[in-house]
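Before anything else, here is the set of structures, which you'll find just below.
Here chain A shows up in two complexes: once beside chain B, once beside chain C.
This part shows the complex of A and B:
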């Protein structure tokens, strides 16, 4: 399970952002998103500044803007929800392009769109500049319970294996002429899911036995301990601190 | 229904984060007790399974398809503690890696989709499994009902969180109808798939299904002369009820005393509908309107935060006292009935 397990969202590059320790990045992104969420929605300009901050980080990390924009598509279901809002929220109506929309609804839609997009963009940047393993190490450094980190790392390591198993089952079904067309075929698919569970669970048991035979006692040895210097923390803190300044200005002005 | 950032305001996001963190902490202890050092690899593989099975498309009709959410399935297959952990880890990874669900909304997502779904599904499953005859088909039936209810329950929990800290002004009544309405439909699909999947596993490896553990016949030794001797199995130590009760009490007090301050002061959905439609013009004031706790504020305490918090704490205390009283009375009556009944059979 060594090489070749970088996730699809990671973009390998050498940049100041890539080289920051993962726990600094995680903390910075989390604080940034929290500050964004706490910003009053009436301060429209503040969100523009946040977007500029993120664009600066993307530039420093050499993440292409096209890549970033493509990844933002994950948000589409909530965009649909936000677009619905001006029609369903009661309140004062304003005429926009011949449509009569409610004003609080427009504010609500703006609020969700702006904050949601910024949050997704920040997470995408984090995933694009941090390797999976580093991410898990970072979570552990941030005092997430080690058992939870272990579960997450097993999930990530075997995620591809289990997904591949599911793909092989699909190919086996299809090569026997099966295509799922409707509710009648749910039984077959559910049996596949059941088989997948049994295979996953049994693989878990085998993995555990293999680990025990190699001396596993319930704790994973820490091989590469990542530490962060004060300078690295300061660099990582630049993003949330700048955002905090914007946020506080937003609160005083509105 | 992964909630993005900015949908729920910051204080409520942090509060649900605390709720989610304590729930996960309880589940970590529980999972360690159930699985000891096997917890990490097994729960990890089950999480990978949940992650994969969420990608399995179930075609509905005319090009639309749905997928499993997996809360009820995880609870029934691997137990409530491990189930909550698996779903939480899946949500965490989806949030951090795939930007699916906001980072600040992680608490909301875990509370709603991992904790509420799994706990509701498992509680219901256990109840039904007790009530129904001990057969394989009843496991499937119980799984169906548990999954059916768990999805709208999660939608209800989301509506509650939204009522506390939603950033938009969609009236709660509308949100509740839309969320629960849509999720009843999703729940039907979830129920069918969960029941079929649980049925498929029970048919092959019933020993792997946590919820079907009661089905196993007790171990017995058959001698050569045909006599059957049941094997005595030592029972597990009783659960530390007191500790669980303590944690629950502290959580309830914290919620009532502190978090309640952030609750919306606007009338709830029903009151709002009543007000809008003018239903409440004829309703009389509540009989307890002059009570010192009316409208969740303590009389003669000026500070709104202190007053609301105090009212919450007193409310929790009163509820606890009444509940304990009822429980004690019932228990005593049952004990008396048992001791009064003549012992007819000798073992």
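This part shows the complex of A and C:
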């Protein structure tokens, strides 16, 4: 597809992972995350194996590890809570580097950190190897409610249009000498947001009119039907199946 | 369905319409557009041009009893049971291409109309390619519409409608917001199409360039109907309907290349 179609998370390349049909990849990531979450937290080595599995996928997808690690930073605000747990969770205390931390809290933090990071890493890999448009087609194929897919696809299409409208309104405000400097100016900003909402709403009506004029009756016509062969499903299933094996071993050992 | 050459592309007779808030926009419009004709629909702001356009494919009116009069497209009356076919036959290109192009890529957008009509697979692909080819945008098929220039988006908007192989192409302000080069390119494209065109415009030189016939819609009725050149030279009619030529433009001095 065209180069201009790329979103920031997508990394254009040719690889076996890029070429897998989107719905196979979606299903694989979903199953992988389920398996990871179902793993007992005491099986520390299992999470290491999961990380290795993901590293192998990243290698096959030609996604540089630096890229992957940078994208993982998105997780930081969410794990802040996990870092608090050793301090606030009641339970037996253990001394670590001179700090007295709660043992259940440490396990809880590890649990969230490990499972969260693996889940985010798998999603980042999915996003890096699948175009946004293909993801939507995949979701449609996986019988996601069509209305939700339509809403998501309109968000992609009109995100830039609305941002541009917002930018023009800001320039118009500033051209008349306005700069937001504090609480006193929030009223103006709120009114701008309201105006933007009305404009977007009206655009929605005009778009609907244009759709109806071209024969829209409430369902999107199928233009690209994504299909997958048995071999492609098998390839995609390799990740969750390997993870499942690790998970089952983990349960039998603990 | 068999059609003789004499069946006009568009027949509007006695069309009157009032909006639910009571504002009456059309007071009995009669208009016939023969097959293959290019007609400009002129008129001041608020004359009812858009209201008329939305009747042509049954967005307004459409046999739900809210208006009187009738619209026929290639002989087919615009009524509720016929709406799907009418909307395939009447291709409306709206003024803002961002409203018209709502799919993530150009190709999918052009495919939307034919796919909604049930076309699939290779036939659909071919139809999309042919339509984009006719507006010179075949190389942009996989691009998202918001990454195109305004003129390119307008051309794609025309292609989305051409892909439905319409009986009549209705353009709402086709030259608005276009730079002179894009404006000329669009004119070349429109001239190259062998399709009936109804063009709503304030751009009188553009009407003169493209349309042999013009009608003036004013106060909800067709106030004048005739060859574009004659209409634009009729100063009394022009003044009566708030139509003005651009500064320095004299329709008498234009030598038409046709």
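The criterion applied here is as follows: the second predicted complex is superposed on the first by the 245 of 254 C-alpha atoms of A that agree within 3 Å, B and C clash if a C-alpha of one lies under 4 Å from a C-alpha of the other, contacts with A are read in each partner's own complex, and residues count from 1 in each chain.
Convention: a residue touches a chain if its C-beta (ideal position, glycine included) is under 8 Å from a C-beta of that chain, and two chains touch if they have at least 3 such contacts.
Owing to the predicted nature of the structure, the values given are computational and were not obtained by experimental measurement.
In the superposed three-chain model, the partner touching more residues of chain A is B, compared with the other of chain B and chain C.
Legend: residue contacts after superposition of the two complexes on their common chain; A:104 is shown touching chain B, with no touch to chain C. In the superposed model, A:203 lies in contact with both chain B and chain C. Of the two partner chains placed around the shared chain by superposition, chain B is the only one that A:181 touches, whereas chain C remains out of contact. Residue contacts after overlaying the shared chain place A:133 against chain C, while chain B stays out of touching range.
When the shared chain is aligned, chain B and chain C each come close enough to touch A:153.
In the superposed model, A:12 lies in contact with neither chain B nor chain C. Once the two complexes are laid over each other on the shared chain, residue contacts for A:213 go to chain C alone; chain B is not touched. By the touch criterion defined above, A:222 lies against chain C but remains apart from chain B after alignment on the C-alpha atoms of chain A. Of the two partner chains placed around the shared chain by superposition, chain B and chain C are both touched by A:161. Shared contact residues on chain A (touching chain B in one structure, chain C in the other): 132, 153-154, 156-158, 161, 203, 207, 211-212, 216-217.
The part of chain A that touches chain C in the complex is made up of residues 1-2, 4-5, 132-133, 136, 153-154, 156-158, 160-161, 203, 206-207, 209-217, 221-224.
Interface of chain C with chain A (complex): residues 54, 57, 59, 84, 87-88, 90, 92, 94, 96, 98-105, 108, 111-113, 115-117, 120, 124, 142-147, 160-161, 164. Per the touch definition, chain A reaches chain B in the complex via residues 7, 9, 26, 29-30, 33-34, 36-38, 41, 71, 74-75, 78, 85, 88-91, 104-105, 108-109, 111-112, 114-116, 118-120, 122-124, 126-127, 132, 135, 139, 145, 147-148, 150-159, 161-163, 165-166, 180-183, 185-187, 189-198, 200-201, 203-205, 207-208, 211-212, 216-218, 220. Taken together, the chain B residues at the contact with chain A in this complex read 4-7, 9-10, 13, 24-25, 28, 31-32, 36-49, 51-53, 55-61, 68, 77-78, 85-86, 88-90, 92-93, 95-100, 102-105, 167-171, 174, 192-193, 196-201, 203-205, 208.
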